[in-house]
Each structure stands twice: as C-alpha cells, then as structure tokens.
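Shared between the two complexes below is subunit A, which has subunit B as its partner in the first and subunit C in the second.
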Partner chain A sequence: MRNTGGQLVLLIVINVAVLGLGAAISGGSFLAPFNLQSMAGQLPEIGFLAIGVMLAMCAGNGGIDLSGIALANLSGVVAAVVAGKFLSSADPSSAYSLAFIIGALLVGLIGGTVNGLLISRLNITPILCTLGTQMLFTGLAVVASDGRAVAVGSPDLLAQIGNGLFLGVPISFLIFIGVAALVAALLKFTPFGLWLMLMGTNPKAATYAGFPRTGVLITTYATSGLLSGLAGIIIAARNVNVKWDYGTSYLLIAILIAVMAGVRPEGGYGRVVCVVLAAIALQLMSSMLNFGGLSNFVRDFAWGALLLTFLAVGRYNVVGFLIPNKSTKLV
Partner chain B sequence: MGTLSKKVLLGSTLAAALIAGSAGALMAQNKPVIATVVKISGIPWFDRMETGVKQFQKDNPDVVATQYGPATADAAQQLQIVTDLIAKGVNGLAVVPMDPSVLEGTLKRAMDRGIIVVTHEADNQKNTNADVEAFDNADYGRALNERLATCMGGKGKWTTFVGSLGSRTHMQWVGAGEANAKSKHPDMALVDANNESFDDANGTYEKAKEILRKHPDIKGFQTSAGNDVLGVGRAIDEAGLSGKVCLVGTGLPNPSQDLLESGAITAIGFWDPQKAGMAMNSVAKSLIAGKKIEDGANLGVPGYEKVKVTKGPGVGVLIVGNGMVIADKANYKEFLF
Partner chain C sequence: MSATHLHDSAAAPAGRPNAFMALVRRRPEIITFALLLAICVAVSLINPAFLQPSSLVDIGRASVVMGLFALGVFIILAAGGIDVSFTAIAAFTMYSLTLLVKNHWPDAPIALVLVAAVAGGALLGVVNGLLVHHLKVPSLIVTIGTQYLFRGILLAFIGTVWIMSLPPNMGAFGRLPLVQFDAADGRTITLPFYFLVLPAAALGTWWMLNRTLMGRAIFAVGGNANVAERLGYSLRTIHIFLFAYAGGLAGLAGIIHTCANRQSNPFDLVGSEINVIAAVVLGGARITGGTGSVLGTLLGVLLVVVVNSVLVMVGIPSTWQRVVVGSFILLAAAFFVTAQKKS
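Up next, the complex of A and B:
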C-alpha cells in the first residue's frame, strides 16, 4: 500500500489549488458563500455513485458497478409513481416525502441485491452483469414512467433535503458526508470491510481461507445499490422532477472519480475520504471552468489530464520523489 | 496519516481560509450579465446561435452576453452549468432546455434569487419569465404546405412525414398543412399520411422509396424532422424525379445543399437559431431593465418585429415571433449553417 498517503496529499493540494485559481479568475466571487453552497449542493448525487463504484472495484475480480445512475433514476421514478398513487406531494404532512424516500431506498437496495446475486451466485463478470442490469433498470424506468418526466413536486421534507441549509451548509451535503463517514467506518471497523479488501487483493486465498464470498459480494453490491437510491432521492429533491434518462454522463464520471481517488481497479484498496476529495476536486474544477466562461470541452480535457496524472502518481512515488527526505513517513 | 500529510493539510486549510477571507473584495460588475445556455455546444445549430449571441453583444455594449453549453447531450450536465451560473451571479439566463422538466427546480431557485429567466423551445416550461418561440406551429405548417402547393400547382397526390406520432410539434405542423390543403387546394389528395421517420435519414429513404413505388403518380411530400428531407430527397433523386416531385420540409441549409441544387428538395423550412439567440437576449435585457414585453412588441431582431405575447403555462409569458424561414435553391446560401 505504498503511496496511499501521497494520493491524499495530492488531492488536498489540488483542491486548494483549484479554489485559489477559481478565486483568482473570478475576482473572489468563486469563494463567496453562495457559490460554495451551490457547489456543495451539486456534489452529493455524483458522490454517492462514485462511492458505489469504489465499493464494487474494491471487491476485485474486475468488480465495477455500471448500473449506478440507471438504478438511481429507477429508484426516483418508481418511488415517485408509487408514492404518487396513494399520496399527494401537495399534502402538508411529510407522509409523501417519507414514502418517497423509503420507496427509493428500497428500490435501490433491491436493485443492488440483484446485482450481487447475479455476480456471486451465477458468477457473471461484474462489468457484463451491471451493463445488463443498467439497461434493465433504464428500461423498467421507461415503462414505469411511460418515458415521461414524473413530477415529485416540492413537499416540505424533500425540499429541505434539496435546498435546505443547516448552519449554512446544504443539508444534502451533510447527508453525503454522514453517509460517506458511515461507509468508511464500515470498511475500517467491521469484519465485512476487512473481508472485502482482502478478497479484492487475492480472491483465491480468500476462498481457501473460508471467507463468506457470496455474503460479502451481495453486501457490497447491495450497499452500492442503496447509495444509488440515495442519489435518486437527492436528484428528485433538487430537480422537482425525475426522469429515466437523467445524468447519462454520470456513469463515466463516477468511475473517473473512483480511479482519481486511487481506488485500485484490480481490487483490494480504496479510501472513502479520497473518493470524497476527488469528487470535490472534480466539482470545483467544473464550476471553476464555468465561472471562467471556458468551453466544457476544456473541462473534459482537464479531467483526462488529471486522471492520467493520478494514475502516474499511483504507479510511481511522485510525492516521495519531489520531497525525498520525508517520503519514508508517507508509506 | 503521516506528519507530512498533516502539515500539508494544516497549510492548505490556512491557505483556503486566507483566500476565503480576501474573497468578495473584487466583486465589481456593473453591466448586467446575460448568460445563454444551450443544449449542447459544438454542433452547427448552436454554433449558429452563438453567432447571434456575439452579434447581440456587439450591438449592445451595455450588457455582457456570452454562450455556454455542455460537451455532452445530458440534461444533468446542462443543469450543472445553470447552477454554476446562478452561483456566479448572472442577471439573466437565456436557456434552451435539454429537458424542461429537469430544469424546473433550478430555474425556480434562479428566479427566487431575482435572476431573469428566458427560455426557448420550451413552451411547457413553468419556471420562466418568458419563453420565446420562433413561430406559431400552425403558421409554420401552413406556410410549408402553401410552398408545397405552389410547387405542385395546387393538384395531385401528396403525403406527410413526422418524426414520430408522439412528437407534438410535428403533428401540429402536418395537421395545419393538411387543414390548409383541404380548405384552399381541394385538388390536392393526401395519401398514406403521417409516416413516422424517427429522424433517421436512412429509414426515411427506404420508406419514401416504398411510397414512390406504391403511388407512382405522387406529386408532393411535406416532412417534419430535420433529417427527413435528406432521406426523401435521396429517394426522389435516385428515382430520377428531381424537379418532378415536390419536397418541402424542415431541414438545415448546409446538409441539404446538394439536394437543393439538384432540385430534389424544393424548399426547406427552419428557424434561424442566430435570430432566436438574439431574440432571447433582447427579451432578457428588457426584462432586466424592468420593462415588460407587450403584445405586438418589437424585439429589434428580424422575424421578431411584432411578437405575439400570451400567458405561459407558469408565471411567465409566451412570446411567439414570426421567425420562420422558407429557403429554396435561390436563397438558401444566405443561411449557410
């Protein structure tokens, strides 16, 4: 696990550098509280998906979850259609919001469990399995919504999640940080976390050591699905409407964030804090380019360059190379 | 975490705090800023719109007008740009929504902050101060049909194409065309109406060939989706019927160039995104200045000299211009994009 501290340091440095650069080109307004809130509010939907991808990647054996955004949309659409059948979003009580939230989480959990079952029981390669379920989920969402946008409206509780602030911080962002911390704790302090990482490092050894492979895989993908459900809730809360084709570009961005965060595509290593920081870095960068009025193609270019940089940092001890005498402490 | 990472973390936090502290000092922008956000950047249609935004900027040095657009066709990416622009503190947003429903929440937040929102191609958008449409759909359908009737000499068999039966505007266009032919040109006989093209030039080509075989005496086609003229035009061209069978439909000048020259396409109809971009910015500028757009107002843009203003589906108004362009071999070169 060399260089892992280096990844964290680099991510922090990049975040601060982008903040500084943004402040410089915008004449300070980039760091105005309203923009910081606005950026923090944009982060959770993609952040949840990226953590899901990270978990799948950590499981090793080509683990990946391509169905994230499709499942998020399905959760939102199904929850909105079902909750809308029995309750009205104009109702002053929180019944509609609660029904929507529970529904979305449930759909996410079921979708993720299906992924886990297919991958662990039928031994389907994760990339193919989740590609299939991605299309399945998208198709189901189209059928459930007739291909149209489904109105969620802004009932109090959901509006709070989407637009509310707590001590000046968007509530959606607080939820994201809270859930990220929870996942990090799950990985660090529970046997599941240890099993997941060790299994990702060497699946064969894990099997011979008697790890509950099926259980770990199902839990991993179910958690990823649950995170998709959360993303679906945030999307609905912010956008008032949900639609099956929302965020098609998120699929690759979520993978980009995970790789930038130093999650090993071969499995066995990944840190939630790095994923969160990588997501923040991407958000800052894209907002900065919008502030600077630069073309969005520049953003794709910058992201690509950043990704390659991070891959290089992961492979070679660049931070240690730049600061040789301190490098030993990083290991 | 090693000592170094801790030091870097501490240093970074301090630096961030410092920058944050000095923020806000330089926020001096007295000209109103109008940001145009398109569905996707880098495609001919919206490149053409950008020329309009640039022209508007040149004509109106008292505002700052620029165009933004996502690199991928995804409503979520457009949403992020709009969100960032709201945070940046623009005064006006001129948006061509990828998906009006997805933008509702964000546009409402913009309006709550006092930002003027103008939309285009979104007559069902609720959270907007004004939606600008290039033309009335019925007028457009009638104009296409009238051009077709002129070419056909007012008689003969004709048929219609739509992108899909679910496409509201396309159905309005052919519906108005049909009504026009029925009332003004009784000798025109509509056969096998409303063929679905799915905006696919190849599929349309196959279908048009079938129709030409089934009705060898057909005289006219009225098409709707942007690629239909290309498919039908190719079928007419290959059958050696250029100039004998009339084809009028929605299309873009650049791709239609060859077929217009050969005579396979009689005329194409469209609205000029350049003028639409200018009209949106003009409306935004007036609304920011606190003026109201009255019925019959002149936006100072060709095709929008006498706009029809009605109440929109939400809080705002619906502004309809007369910005349709019907171009044929003689004049399409004025609109090459």
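Up next, the complex of A and C:
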C-alpha cells in the first residue's frame, strides 16, 4: 500500500505540467489571477461529488455512488422550492440563504442515508441501488420543479459563497478545501476511517472482526449525500438557477477524478488529498482545452480516453515503474 | 424460453409458503409478468382506450429498440458485468453508417446495411471486451469511459448535423408494413416489418444461452468467474464475445432506430441506458450475475415501455415517469434480494 506516495507525486507533476503547457499555449494569460480564480470557482461542485464517489468506492464490495449529481440537483431544487414558498430571495436579511443552505444539506443527508440504508439493510448491490436512486432523485426533482428551472436569485450570503473572494481566493474554493480536510481527518483519525478502509480491503474479515458494517456503510453514503448537498448549494450559488438536469456529464467526471486519484475501484484505498489534486488537474486541463478553442465534444472524447488511460496506469503499475519504491508492495 | 440457473437450481422447496418463494426464486419473471398484467388491467379499467389496437401497436413498436438493447445488457449482466456504453455504440454506428451509405453508396441493399451495422457495433464491442478483460476493473467504470470515448469521437470528428433524408432503401425499410389495417376512426395502423427483428434476436439469444457451450460459459462466469476459469473456460474469449454480442445488438438497434424515425440524429439514444438496465433488472436478472432469462428480459422491457406510455393515459403527469421507474427498480431489487435470502 506504500506505492501510493507515487500517485501524489505523479498528480503534482501533472498539475505543474498542465499549468506550464497552458501558460505556453496562451502566452501567459492562463496564469492570470482572473483565470486562476475562475478555475478555482468552478472546481468545488465537481470536487465534492468526486470525494463522495471516492468514499463509496473505498467501502469495497462493488461500492459506488452514481446518484451524486442527481442528489445535488434534488437538494438545490427542493431547497429552492421550499425556501421560496416562505421567504423571498430579494429579502435583505440572510434568512432565505440560510434556509436554502440548511434545506439543501438536509435533503442531501436524507438522500445519502436512504442509499446507505438500502445498501446495508436490504443488501441491494450499490450499483443497482444508486442507479435506482439516481432515477428516483432526478424524478423527484422534476416533480418538485415541474420540469422547469427554479430561480434562486442572488441573495447576499449565497452570492458571497458563489462568487465572493477572500484574500483573492474564491470563497467556494476555501469551503471545498476546508470540507476536504475535514473528510481527510475523518478518514485518518477516527475509527470510522479505519473500518471503512479495512472493510473495503476484505469485507469477510471485517465481518468476522465485528466491525459495525451497517453503521459504516450508512455513514459512508450519508457523508457522500451530504457532499452532494454541498455541491447543490455551490451550483445554486454560482448559477442563480437550479434545474434537475444540470451537469449531466458530472457523473463520469466524478468517477474519472476518483480513478485518476488512484482510488481503487475494488475498495480499500483512497486519499482525499489525491482526489483534490486530481480534481484540480482535471479543471486545469478542461480550461486548457477551452483556451485551445476545442469543442465540448473533444473534451468528452478526452475525458473518456483519460479515464481509460488512468485505469491502465493503475492496472500496470506505471507509477511504481516511473517512481520506484523501496518497500515491497502488497498489490 | 426458460431460465438457466447454475448455482441455485438445487434449492429444494420445503413447506407451503416456501414453495411459492422457491418458485419465484427460480422464475423471478413471474413477478414481472404479474406486475405487467396488473398494470395493464388497472389501466384498461381506468381508460379503455388502452386496449385499442393502435396503442398496443405503439407499445410493440416502442419496444423494438429497447428490447434489442436489453438483450445485449442481459447477457452481460448474466456474466456478472454491466455495460453502459451500448447507447453510444448504437449512436456511433447508426450515424456513421447512414453517412457512409448516403455519401458513397445510396443504393446499398438494406440487408447489407443491417449486416454492416451489426459488424460495426460488434467491432466497438470488441474494444469494450478487450479493455474490460485487460484492465481488470469493474466493467461499469470501463464502459463509462468508452461511452464518452465513442460519443466524443462521433460528435467531435464525424459530425453533429442531423441527417433528415435517409438513403431510399433505409427509408423504405422503416416504412415496410408487416400488418396493416384500418382503425375504427379511419386511421391506418401499421405494425412495421422491422418489429420482427426483436423476436428473431430474442430467439437467437435464447438459443445461444441455452443450447451452446458459450451460453453455459456465460452463466458459469456470472456465477463465479474464478471457478469458471479453473473449469477451463477462457475468460478472455468470453469477455470479448459478450461485449461484441451486445455491441452487435446495439448497432442493429441503432440502425433500426434511424430507419424507424426516418432521420439520423447523432444526439439520440445516449441517456436512455438507465431505462434499459432497469428493464433487464425488472425482468429478474441479478446485477451480480449468473441468473435471468430472455423471457424475463422481454417482460421487463414491456413493463418499462408500458409504464412510460400509460402514465399519461391514467392521468398521472409524465413528470412522474422517472419516480415510478426508479421506485420499481428499488422495489424489484429489494424484493429479489429478500426472496433469495429466505432459502
């Protein structure tokens, strides 16, 4: 398991290389503060979803969360509809924003807990369960909004979260880094993190060792749901509107980020810092393709190719080949 | 058409309540059939218009493309994998083939076009199979990657313009009637000839699964891949065959979709994967592999098509469609899991 420092180094190298390449292509404007800020502002929504996917993958036994973006949209839509019933977004006080934020987090938490309950109590395969809930969540968002976009407007607090800067850094990016650090600490310093990783490594051994399987699974998917709720808040704050079909390609991108970060799809290993770096690398590449004037379809193609490349990198241990490690590897 | 169960066919029924559960466990499509029947009866009671030949023909027509997709997904599911790239394969094949025929050989015979569609789809499927086999990661992740790859190539390098006028032979095939009659209100109702492709493909798949060594191998791999390998089945051959078969069906579905709609839209089809997977799962195939039947798959397809088309008839707004199908998936999954546990 020690060969994973290599993944971190590789990701840092990729980030630096893409930054350099972008600067070379654009003649320096790629590194302009405005561009860096806009990239940092676009990152959090997809970053939250990728961390959610990582957590589910770590749980092993086919763990995956396909309902992330659907739940994020549902949180945004339901929070906007409910908050809009009682309060107005034009209100000067931040009551609307607070109600929206609490509503979205609550919906995300409930949705994630439903996933966790279905998977741990009813033993439904995670793929099937989150496929079903993905459809259910999207469907509920359609029903709640009647298939239309719901206006959130730009009340002060939400606008700050979406577009505000603190010392030149987008506030949404700071929130993302803070939450990522929190999840990383959860994985590193609590029994939950240890249980999750060991359960992903060998579910049978974990059962015999008396790990609280149900609790760990529910916590995992509930955390993933909560992260979806956060993504929903950031999406609403940045886009003024929420709609049920926002970000249809996010599902692939979230999985791509997790795979790029070296999270093992069969479970048991994943690092939040790698996910953050992979998300940054992907955002940089995406902006670079934009700077190169390439269409969205080329980007789709590039993401697909990149995902398969990184699967091959993980499979044939290219990282270990490039950056040899002294200690013996388990895998 | 019967179910093939390699690993739990030995479950002996004991006692009265367990006998029913054992039957359901062996033939989960019974539940699908009962549900389908219940929905049809309820809908025709609420709105007798449902039983008109025109709406039944509509359902038949709508289930062809989905049914072909579902057969491909089913055999991959039976072997313990999953495929979400089939819609991209279908879109890729149908659009590039239509473009090719239109620009270079407008008079190509339709049989040749259909064969080319199957071959093209199968070729893309082989790519899937090779990747799934050699990368050794869940096929879901690989096929998400290839879905974007195929679709990206199609839209970025081949074209994004709708083809509104098909080559004459393809258009004629889409209009060719199998049965034609006049309804009470004077409209002519046509069951198109291409409807026959679905039963033919279903029969072929059933034969392949139940009468050939490959069929045995597929269920064996779905039951336990390691044991199957030790028994001497070549996992590589099976993986490539599976995905090529599903890809070929997807290519066929794509070209039929084009002929039926009399236009080729490269943005079509992608996005309907979940509906198809839902249909297969509702038909009783376990997502972990080793179970399921062709008949169950077809019933699952009918169930989803019927649900999609009757909601409006009984006064439920079409916005509820996803909620209903999503709940069905979860209920079916929970039900089958519970049925399997009580052995």
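What we mean here is this: the second predicted complex is superposed on the first by the 296 of 331 C-alpha atoms of A that agree within 3 Å, B and C clash if a C-alpha of one lies under 4 Å from a C-alpha of the other, contacts with A are read in each partner's own complex, and residues count from 1 in each chain.
We adopt the following convention: a contact is a pair of C-beta atoms (placed from the backbone, for glycine too) under 8 Å apart; a residue touches a chain by one contact, two chains touch by 3 or more.
Remember, it's a predicted structure, so these values are computed and weren't measured experimentally.
Colleague: Identify the partner contact of A:Ile127: answer first if only subunit B is touched, second if only subunit C is, both if each is, neither if none is.
Modeller: Only subunit C; A:Ile127 stays clear of subunit B.
Colleague: Return first, second, both or neither, reflecting whether A:Leu136 touches subunit B, subunit C, both chains, or no partner chain.
Modeller: Second partner only, subunit C.
Colleague: Touching A:Glu266 in the superposition: subunit B (first), subunit C (second), both, neither?
Modeller: second
Colleague: Looking at A:Gly62, would you say it contacts subunit B, subunit C, both, or neither? Reply first, second, both or neither.
Modeller: After superposing on A, A:Gly62 lies in contact with subunit C but is clear of subunit B.
Colleague: Classify the contacts of A:Asn202 with the two partner chains as first (subunit B alone), second (subunit C alone), both, or neither.
Modeller: Once the two structures are laid over each other on A, A:Asn202 reaches no partner at all.
Colleague: So, A:Asn163: does it touch subunit B (first), subunit C (second), both, or neither?
Modeller: First partner only.
Colleague: Let me test your reading of the model: by the given contact rule, A:Leu118 touches which partner, first (subunit B), second (subunit C), both or neither?
Modeller: Touch status of A:Leu118: second partner only.
Colleague: So, A:Ala302: does it touch subunit B (first), subunit C (second), both, or neither?
Modeller: Once the two structures are laid over each other on A, A:Ala302 reaches subunit C alone.
Colleague: Scan A:Ile255 for contacts with subunit B and subunit C and give back first, second, both or neither.
Modeller: The second partner, subunit C, only.
Colleague: Identify the overlap between the subunit B-contacting and the subunit C-contacting residues of subunit A.
Modeller: 248-249, 295, 297, 299-300
Colleague: Once bound in the complex, which stretches of subunit A touch subunit C?
Modeller: Residue positions touching the partner: 62, 64, 118, 122-125, 127-129, 131-140, 142-143, 146-147, 248-249, 251-252, 255-256, 259, 265-266, 295, 297-305, 307-308, 311-312, 314-315.
Colleague: Along subunit A, where are the residues that touch subunit B in the complex?
Modeller: Spelled out, the residues of subunit A in touch with subunit B are 5, 8-9, 12-13, 15-16, 19-20, 23, 26-32, 34-35, 37-39, 41-42, 149, 151, 154, 162-163, 238-241, 243, 245-250, 286-287, 290-291, 293, 295-297, 299-300, 323, 326, 329-330.
Colleague: Quick one: in the complex, what on subunit B touches subunit A?
Modeller: 1-5, 8-9, 12, 15-16, 19-20, 22-28, 41-42, 66, 68-72, 74-77, 79-81, 83-89, 99, 101-106, 108-109
Colleague: Could you please specify the touching residues of subunit C with respect to subunit A in the complex?
Modeller: It comes out as residues 82, 131, 134-138, 140-142, 144-153, 155-157, 160, 271, 274, 277-278, 281, 287-288, 319-327, 329-330, 333-334, 337-338, 341.
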